[in-house]
Amino acid sequence: MAHITSPLPADKQKIVGEALQGALIDLLDLSLVGKQAHWNLVGRNFRSLHLQLDDIVALARSSADSAAERAVALGVNPDGRAATIARDTRVQQLGYGYVEDAKVIEVFTEILGSMIARMRERIEATDDADLVTQDLLIAVTEELEKHHWMVQAQR
Amino acid sequence: MAHITSPLPADKQKIVGEALQGALIDLLDLSLVGKQAHWNLVGRNFRSLHLQLDDIVALARSSADSAAERAVALGVNPDGRAATIARDTRVQQLGYGYVEDAKVIEVFTEILGSMIARMRERIEATDDADLVTQDLLIAVTEELEKHHWMVQAQR
Amino acid sequence: MAHITSPLPADKQKIVGEALQGALIDLLDLSLVGKQAHWNLVGRNFRSLHLQLDDIVALARSSADSAAERAVALGVNPDGRAATIARDTRVQQLGYGYVEDAKVIEVFTEILGSMIARMRERIEATDDADLVTQDLLIAVTEELEKHHWMVQAQR
Amino acid sequence: MAHITSPLPADKQKIVGEALQGALIDLLDLSLVGKQAHWNLVGRNFRSLHLQLDDIVALARSSADSAAERAVALGVNPDGRAATIARDTRVQQLGYGYVEDAKVIEVFTEILGSMIARMRERIEATDDADLVTQDLLIAVTEELEKHHWMVQAQR
Amino acid sequence: MAHITSPLPADKQKIVGEALQGALIDLLDLSLVGKQAHWNLVGRNFRSLHLQLDDIVALARSSADSAAERAVALGVNPDGRAATIARDTRVQQLGYGYVEDAKVIEVFTEILGSMIARMRERIEATDDADLVTQDLLIAVTEELEKHHWMVQAQR
Amino acid sequence: MAHITSPLPADKQKIVGEALQGALIDLLDLSLVGKQAHWNLVGRNFRSLHLQLDDIVALARSSADSAAERAVALGVNPDGRAATIARDTRVQQLGYGYVEDAKVIEVFTEILGSMIARMRERIEATDDADLVTQDLLIAVTEELEKHHWMVQAQR
Amino acid sequence: MAHITSPLPADKQKIVGEALQGALIDLLDLSLVGKQAHWNLVGRNFRSLHLQLDDIVALARSSADSAAERAVALGVNPDGRAATIARDTRVQQLGYGYVEDAKVIEVFTEILGSMIARMRERIEATDDADLVTQDLLIAVTEELEKHHWMVQAQR
Amino acid sequence: MAHITSPLPADKQKIVGEALQGALIDLLDLSLVGKQAHWNLVGRNFRSLHLQLDDIVALARSSADSAAERAVALGVNPDGRAATIARDTRVQQLGYGYVEDAKVIEVFTEILGSMIARMRERIEATDDADLVTQDLLIAVTEELEKHHWMVQAQR
Amino acid sequence: MAHITSPLPADKQKIVGEALQGALIDLLDLSLVGKQAHWNLVGRNFRSLHLQLDDIVALARSSADSAAERAVALGVNPDGRAATIARDTRVQQLGYGYVEDAKVIEVFTEILGSMIARMRERIEATDDADLVTQDLLIAVTEELEKHHWMVQAQR
Amino acid sequence: MAHITSPLPADKQKIVGEALQGALIDLLDLSLVGKQAHWNLVGRNFRSLHLQLDDIVALARSSADSAAERAVALGVNPDGRAATIARDTRVQQLGYGYVEDAKVIEVFTEILGSMIARMRERIEATDDADLVTQDLLIAVTEELEKHHWMVQAQR
Amino acid sequence: MAHITSPLPADKQKIVGEALQGALIDLLDLSLVGKQAHWNLVGRNFRSLHLQLDDIVALARSSADSAAERAVALGVNPDGRAATIARDTRVQQLGYGYVEDAKVIEVFTEILGSMIARMRERIEATDDADLVTQDLLIAVTEELEKHHWMVQAQR
Amino acid sequence: MAHITSPLPADKQKIVGEALQGALIDLLDLSLVGKQAHWNLVGRNFRSLHLQLDDIVALARSSADSAAERAVALGVNPDGRAATIARDTRVQQLGYGYVEDAKVIEVFTEILGSMIARMRERIEATDDADLVTQDLLIAVTEELEKHHWMVQAQR
């Protein structure tokens, strides 16, 4: 079966592959938990948060796609299957049922904050391994930090 | 905390809620497995299938959103969290790594075929309980069956 | 003068005509009372509600148009004159002057809730008489129930 | 409860408020009677008039919105409820049922002609009270007079 | 050679296949006869009818496409060849040469009226066999009835 | 009844009229046979051909419209009725049922090749009779030849 | 002062220059007389003709621009000044004041008919002198003949 | 023959009619002379002026249309025929042939400057006669003055 | 150096120039203070106010541009340099650092309220000097008053 | 390997093939030299010429594509490789480094002028061989002549 | 009151905050001085420079917004008030009144040149402190350098 | 003659200039060889590859433009003339005539693979010299690597 040759040597490919797979799981689960909150939300700020969560989901989906396509372009197989996400995710989970607006703000402040920390570690890890991947992670992080601020600003 | 009142009596709400939750899990996992194949695909028909899988993912995402919003409008909490999908999904899973074009066609023929069968059971189940929900499920099924044909036609 | 021949026998035409005329009055008055609140609204959630009310008015206007055009296509004259609306409406009315955001949420939860109940009666009534009209009413009801949820979620 | 402060002194506010409320009722009823004719129309010029009436309705709706938002911006509560329209309207009413194209041309020539006369009185009345409102009324009148010509030209 | 598996059992597949093939012939011939009139039309209402006929042709073409794709999705081969249309059509034919506007209105009132009657038989026939197909036929019929009214309204 | 005066003398009008009527039948049948293949296609290249056939159908439809409108502008009645197409067409026909991708490529290479030959005869025939019509036929032929190449290139 | 060099020899430049200047005057006056009728029109077909005349004016304006830019590209100065149009025009003029719809149809049938005849002379005249200019005139004539048919068809 | 009733008394109608007819001639000739310069322009600033002149022509054409439609809405027949423009225009004329960029700037500074002076007289004249017309003339003048500045700024 | 000639006599030019320069400073500072609040905002209504402030900034920027371009078209040099704004502004200033949503509503109610008062003085001042400028100021004021209402409505 | 059959006999194919290959080299080199000037341009008219050169490059690219696709549709292999362009081009070359605006105008007047002469020879050469190709070359030449004028007009 | 938590430690936050605040003042004053020149410009290159300055202003505004939003996302309060700009700006100022095109080119070459130098210092300063901010500054600098070239090229 | 001042010292300018000139030649020749294959392609995957090659050409063209404009912004003259490309290119060349799909995949895998290697050397070379240029090269490389994967995946 065909496989994709990598422009990177094996050791760098490994580092970059782990960073991208980690980002992929973070972003796919962000899209799932973002929709979960989008649907089960209640409270006075319903409409604003309902729309804002959809902006976050859109960002998460397109960023996940970029990360996964970057991985395969480097000869690394991305893994975004449901069981993999459930097993590996480090994203804080919501409980079942309705969730109030204040709670959403608190939880997503935490989710985005710790995801940004992990992203920054990946940016550092790829500095020697692949500047192109680093660039992609920086662009994603900038957007995550902007949303982090906008969610926080509502506390 | 606020909760949403339902226009349906409790027994009908329960039937409709189960149908919608089942559809939600089916559609969310279809979006995940569709992307997995979109990324790891190899073979002579790469470009055609790569694009076609994105059409299926787009359908799965927007249909999942409709099903979940319908559920909450009926006072039923949709559950689309990663752990729930991993636990409840009945969608056939792909293995890790590259997947050839012929294999993708075979797997998605099966995935869509059995999903359509479950959807038709849900259409029947909601016939007495809620015509509005049934209408939504019929529209989703029509699209799934069209993709089922188009995937199959490439065997 | 020309009049439009009906594809339905007289008894079915009567049932369907009443359902559509009832829906027409409901929807036209929803567009009027929606605008009234859109203009006279005050309170901390002003901007969100101001925009949401315009979404409801847009839905009401286009649905009213569909109902009326369906009626005339069946040989029934729709009646949407101001005096007819004022006489026949069953929609809860707002008082004169400013209306606070919490009040708007309470009133529109009630308005949409009871309108949905009447729509569901009309769906049932048209089941034997005309499936085409029933389909139109189902589509309108699905949208009303979505707005009902979104208004309620802000309580 | 909050109320909106007015940039105008009380006597001018009263004059301008009456002009805007009068225009609001005129325009809302024009949108209702326009739709009534749009639906119940018959005759050889059906298609042309059917489309032209929708242009008039679109003008009436957006102008009514401007007038009402102007009123509340001046601290005057606009009143566009169904009962108020039915009670205060000075617009000629259509009878129940089908209406022929020649009749529509005759009636709307009269409706627009007398509405223009009332609008010109309001333009004069606001000349000393508020030039901003006057400007808004002038813009609406220009459009009404254009439609008046186009309807007349078909006699 | 590949063939498309059907989600329906054989007896239901047969019923639905006949309904869709019948609709296909009706709609393809409507597109041909509509263009024939569009080109050979003369009379005072030329421009209005010329445009309206194109609306009908556009509806006929996209509906034919939906019906045929639905058929093949159910494992039934649609047949839209010229010889098949010419042999099986039940649509009233125009004579050769110019056709006056009044004649067009008369003929298309008849064409649409009897096509609607056949469509309604198909809606009934598919009620037990396949709700998804029925839904598609209902949507087409609603549009045909709207055009039936609009053509009639010009008599 | 009105008839359209021709800017051409009678002998030239006859030549041009025959060329346009011939082109019309060719193009209308190309649109029918193209759709037939679009629907009944199977094989590995399904998606690419399915889309390419729709491009050919779109070309055929808009070119047929141009040819027919040109004819009537010259005082010649175009005839695009189903029976006329079935009687006069010189386009190779498809059998009933599924058609494999390789077969479609073979058949449409032949269909387009011989249609181009007929078009080139018409271009020559109109050289002395009407340069405006010739120009229209040249433009159509250029597009047919481009599709002829693209279909062939897949053998 | 700069002047534009011509790719044509002097005798051919003269022939082509006269053809383009003649077309320019025809088209500019068509745009003026078209607007005159657009504004002063009365009668039952007001709306259809009012729109159709604007289509003709748009064609006349863009064609005049093409002809004039073609002239200057060949080193010939186009002259579209008011006095030149008034002196050289061969277009039939309208009287002052209202003009009825039947009259407009009659006059524009004549205007377009004789303009087409002059255009065909110019097409012939440029056949030896410049194929590029001939191509431009053919394209304009095709559009004029289409409008000629559409205006005539309403008699 | 139908004629359009005026919302103005005869004396005011006369004043307003003269102002609008004067503006119409000014604006139509501005569109002709603007195109004349657009085509025959030479010099180092060719491209900038060529584009700027088209902006002026577009303004002149749409303003002329507004003025003429306003006139007929008041029961006054606008007259925009070539002979009328040639006879009544007060716009400075260009000579035949190429015109240099510096000359264009000088001439259009003069043309726009004196046209603005006439427009300001018309604004004054309509102050007592019709505020709606005055408003239209003010809007046109504002745009003319902006172009006057932009042309001048290049001296 | 070139300077722009004015269509106004010197005394009127002076009055209008002062009005426009005053409006320019008001509007430019509104754009700066609006952005300052847009960035430093915190509180539960963050998202709604964050968006609303950007609407105000967009209005301020485009209105400032209109005022300045109007000034230069009248031969008056607009002055929008940072030092001039800082020296001449009469807009209430925000302190350094975060600003809560309730505070923003209070401050912008005041800012818009007193700016409207100054605008109304300018409208009066230009009544005899230049109706065109007055018209521009009226249009700006109408928009400012609408925002004044919408900000106030949230108290 | 497949090769494309030609609708032309061998002698005509040879003539047309040479004309198209010649045009292809002309147009591809025009796109390269146009970009070279676009980047290295200096002088007072920088911005106007910078934009105009991009218009010329866009024309050259799309025309080259049409010529090459036409060639292959006739069974002739187009050759647009760098070495072929460098060897066969007859386009005047720019020196290395900055190029002043006056120089650009002089060079491109020459480049376009001689390219037009070659194009006109190709138009003549294809007159007997293939009218479809001739038509394509005429359309390209018309655009080149328009740019030739616009560049020249700036001398 | 809420404040925004920073993903950076205090020392890095300080460095990055100063860089962003410096960039903010530079960019806001660039937008003000750019508009000042846009309005007061005179000279032969008026139109080109007038448009180019608006491009620069648009870049300055959107870059200022990015810098300020980045600052607040890092817990640093941006300060863009008029008094702060006037006090801290290092941008060369224009004198009062008209400014000639050659002068604008000279001044903006200097303004952009020294702003780029300051930006490059900020890029260096943030290299250890925050790669995300550095990336944002790099993107802004790339655009400033492109405009620097384009302004210079006109000397 | 004007020349563009550089924000970089001479040694860094030299390094960056060589990197950008090398990238420019790579990208321009990629656009030429991509079109060559786009036109001369044959084989079963014709349509997919034909479209994919156009995507690669579009990327090559816009990236070449960015690289060249970046060079001149740094005071380095880009050289993209045909003779320079032919002399300096390191891109593998295609032979004359038809090229089969499998061959295209093999050749472009090699072309993109070695171009990526050269790009990565340029990224390294510019790390100390100019981060802004490095950023531009990173963005181009990311896109080239994505296409490298997509071409390879079809082997």
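Note that the chains take the letters A, B, C, D, E, F, G, H, I, J, K and L in the order they are written out, and that residue 1 is the start of every chain.
The rule we apply is simple: a contact is a pair of C-beta atoms (placed from the backbone, for glycine too) under 8 Å apart; a residue touches a chain by one contact, two chains touch by 3 or more.
What you are looking at is a predicted structure, and each value in this text was computed from that prediction instead of being measured.
Trainee: Can you name the chains that touch chain G as well as chain K?
Mentor: For chain G paired with chain K, the chains in contact with each are H, J, in label order.
Trainee: From the options I-K, A-B or J-K, choose the one that repeats interface B-L, i.e. more than half of its residue-numbered contact pairs are shared.
Mentor: It is J-K that reproduces the contact pattern of B-L.
Trainee: If you tally the C-beta contacts for A-B and for A-L, which one comes out higher?
Mentor: Pair with more contacting C-beta pairs, A-B versus A-L: A-B.
Trainee: Residue numbers at the chain I-chain K interface: does the shared fraction exceed half, giving same, or fall under half, giving different?
Mentor: Copies use mostly the same positions to touch.
Trainee: CA centre of chain D versus CA centre of chain I: separation in Å?
Mentor: Distance between chain centres, rounded to whole Å: 32 Å.
Trainee: Could you please state the distance in Å, as a whole number, between where the Cα atoms of chain C are centred and where those of chain G are centred?
Mentor: 53
Trainee: Just curious, how far off is chain L from chain F if you go by their C-alpha centres, in Å?
Mentor: The computed centroid separation for chain F versus chain L comes out at 42 Å.
Trainee: What whole-number Å value describes the gap between the mean CA coordinates of chain E and chain I?
Mentor: Whole-Å distance between the two chain centres: 60.
Trainee: Where does chain K touch two or more other chains at once, residue-wise?
Mentor: Chain K, residues with two or more chain partners: 2, 4, 42-43, 48, 69, 72, 135, 153-155.
Trainee: In their shared complex, at which residues does chain G touch chain D?
Mentor: Going through chain G, the ones touching chain D are 41-48, 50.
Trainee: What does chain B use to touch chain A in their complex?
Mentor: Per the touch definition, chain B meets chain A at residues 1-4, 28-29, 32-33, 35-36, 39-40, 42-43, 61, 64-65, 68-69, 71-72, 77-83, 85-87, 89, 93-94, 96-98, 100.
Trainee: Which of the residues in chain I end up touching chain C in this complex?
Mentor: Touch residues, chain I against chain C: 45, 48-49, 51-52, 150, 153-155.
Trainee: Would you tell me which residues of chain H are touching chain D in their complex?
Mentor: Residues 2, 4-5, 7, 69-70, 72-74, 131-132, 135-136 of chain H touch chain D in their complex.
Trainee: Quick check on the complex: what are the chain K residues that touch chain L?
Mentor: Residues 113, 116-117, 120, 123, 134-135, 138-139, 141-142, 145-146, 148-149, 152-155.
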